[in-house]
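Think of it as A, B, C, D and E in the order they're written, each chain with its own count starting at 1.
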């Protein structure tokens, strides 16, 4: 609910563990809003919902957020820290070994930009850094808002490979997209949104 | 040149009037930087260049900017004004009839969001508003940085149609893209960038 | 130029009216700051009206900084800059427009703060009203200077905090002249020297702004 | 909690060190403001050191507002919030960390401004040094309060200008207490009452922050 | 019983206030020193008492109850908000009646006196609370932030109280303010004052109730527009 405007207007949806769900829909249909809701980033004003066993209405949303990995429209970090420092911050906060950071940067192809200030990275590089952050985070539920936007072709292929890995590892992925997946061997379930409502689960 | 880092490292390029040029390249190759340079938004530090007859090194870049339409990664307006107010501002500034605003909004499919504050629009809607702004602007040189990102399918088809119109009207279009054009009947010339350099003009 | 100035000014004022920041945040801040300045200087001294003009201008200055800051932040939101740059607006018009909007906002603030200082600091009402013209001119000069310096600090890192450093020295003479002529008005006289200073400053900043704003934007 | 606090504090201080805003922008601003305050209150009065403590705290307060603002802006850059929210950091730790970083920054500022007021306002050096402990505690209390109020203004429209409105009334007693104990030190005495106030305020704000910061973040 | 007292709240308030004014203006004698000015005694202290203690107290308690998980409800939030709003009015009235009194007595409208200063600061707190609420659209966010701010204010009240008090006693002698009346309060004056206190306190609760009802109505109005908006949203893009 944003200034009296209902962002979502009727969502009835069950997502299984370790599956890939793709949320599609026209611009302004409510995809981003749905993902934010699932991640506990926005509050539910009415209705009911449970994610990872936590009630969205009056559960502890902080616990939920801790289990969620978020990739937003804007690659989102401390703009004044370098790529590496941002990841190290996440690793330390979650008590992950700091050694993983270099590996994650290498994997998304940012090793040569590790010490560039985040705000100077290009759009696609910022998106890649967001993916590296998720690699360090290793969340149970991946919420990806248009992950393909501004990635180059190599990046998209890499990303599909990553998704396969993640799903095999038992995590759940929900992503919004306008572009189709590259690799067709990923099994996915499509959710179509229209006017804030899920039209075809 | 950003903090001692050369953004572009060797660009040798001639673009004809009323043509469509597509700049491609990996993330961080320098596409955005090239477009900003062409639009007079960044300064040229060495080398030479002329756009629309204006010298990039010591010409009046403001005159250049006036003839250029820019669509950036972020739909970019006064976030506190509504969609309509933003466009009206542009129309008044350029002494275009204010009546065109409603038509432009209608055309990009934002008529029902005309009075929503820009910062509350969804990513795709902001991109559409950016296109509407260009429709009101009617520039000679269109510089579009990843225009397809976060547009839905209908939006992309619409956008290709728009491009055809624009080119027929005699304007020049330079766009950066990772996605291919939908419609194949647009004649285009591809410029490939690698490491700040144009590799295949 | 005038057309663009008007366009820019109405745009700024509309955004201001929309967000109500002036009404709900800046004005209360000013009044509180006035109260606090009185407090900080101790009960006995604050009560004496000789400090009134100084405190009034000090607070106005801080408020003005906040508002110059906001006025520039509007233009520098991520991305807004590129779009607006391609409108190729006449820089002199932009300068005048932004300065005009700022002047109007500062005038509103100034009148409220003057009322506040009459109530809180016991400056004399009638004499304060006599000082009003000089205050209005000083504030207009402040707006012109602020818009100019605001543009100077655009784009760099942390403009919000760089701005005051650049502006404060420029404001010093204005502040002194304003304070002196206010004090003079309180004592029943009027000093033409101070008028000369603020009017000259106003004219100079406006002229420089009209001529050089384009150079600042360019870079 | 302590681990998170340390992590957050080092992160904030690193960003500060990187951008040099404190060194190049906030400190010069403070010193100039001190100078101007002296000027605004008239040349004759500024010389008398009795106004020193009041002006010192007034300027410190405005500088503190700038820095609280910056400290919060770091967390609220578009998008940063969502990413950091999904780290699920312990809110008490975040509060302590941010307050700690702010305290250290304010201490640096405070010491520089104290030196400035000795130079510019002729407050007595030796007595100023005696006032230093009470200044440091007051600044720590100010940081705790500022972090808390900063979190209150996150996200809404125009947080930069709402912050002063919320904080100024809360800072008033701190200001009074700080000013009084500074003045007392200048006169060679030390007043335990003012110590009680700043220490109680510091403890109260820290306790409330540790307990309630999570409630604020939640929303 | 509750229903009856609810129905009587309004009339009783009016009755007591009318009685106060009648007693204050016509029955009680003018003061030897202050003359007719002393009649402000029946209005100013009760208003000040409501402004500071009754309304701030209500707001603080309601905010605490809101923050406590088990009693969290929109009711508490509304009570806190409404009483803070009424507090602004009463503080303004305190300042106005006080100034009117102060002008002839002290020769100035305002002085940096302990009680005046602390009243002003509290008024600013109440205003800041309202500003904070306006700046947040989201109802839960608004409620939480408001509650935390109200509690911070409550902590500040004693701090302000002592700081201003000590400050005062250090610098000046006893205030003009407390040295009036009190000792030579006449029998009828005492009664009038007492009735005034009860009357203005009831007035507060009466206003609170009416304001609360208005707020509920407004929320309902908002809810109905939400239903409408919801329907409209669903129609979108179909």
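Keep this in mind: contacts are C-beta pairs under 8 Å (C-beta built on N, C-alpha and C of every residue); 3 or more make two chains touch, one makes a residue touch a chain.
Treat the numbers as computed from the prediction; the structure is a model and nothing was measured.
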In how few steps can one go from chain C to chain E if every step must land on a touching chain? 1
Given that chain A and chain B are copies and touch, would you call their interface same or different according to whether over half of its residue numbers are shared? same
Of the pairs A-E and D-E, which shows more C-beta pairs in contact? D-E
So which chain is the furthest away from chain E, centre to centre on CA atoms? B
Averaged-CA centre spacing for the pair chain D and chain C, given as whole angstrom: 25
Averaged over CA atoms, how far is the centre of chain A from the centre of chain B? Could you give it in whole Å? 28
Quick check: how many Å separate the C-alpha centres of chain B and chain D? 45
Chain D to chain E: how many Å between their CA centres? 31
Of all residues in chain A, the ones touching two or more other chains: 2-3, 5, 26, 28, 43, 73-74
Each of the following residues of chain D touches two or more other chains, namely 19, 78, 157-158, 162, 165, 168-169, 172, 176, 218-219
Give me the residues of chain E that touch two or more other chains. 121, 124, 127-128, 131, 135, 138, 140-141, 167, 236
Dump the list of chain pairs that touch, please. A-B, A-D, A-E, B-C, C-D, C-E, D-E
Could you list, by residue number, the parts of chain B that touch chain A in their complex? 2-3, 5, 25-28, 32, 73-74, 109, 113, 120-125, 127-128, 146, 149-156, 178-179
Under the touch definition given earlier, write down the residues of chain A that touch chain D in their complex. 36, 39, 41, 43, 61-63, 65-70, 72-81, 85, 89-90, 92-94, 130, 133, 137, 139
The residues of chain C that touch chain E in their complex are 20, 24-25, 28, 31-32, 35, 38-39, 42-44, 46-47, 119-120, 122
Tell me, which parts of chain E touch chain D in their complex? 67, 121-122, 124-125, 127-128, 131-132, 135-136, 138, 140-141, 144-145, 147-149, 151-153, 155-156, 159-160, 162-164, 166-167, 170
Complex contact set, residues of chain E against chain A: 137-141, 222, 225-226, 229-230, 233-238
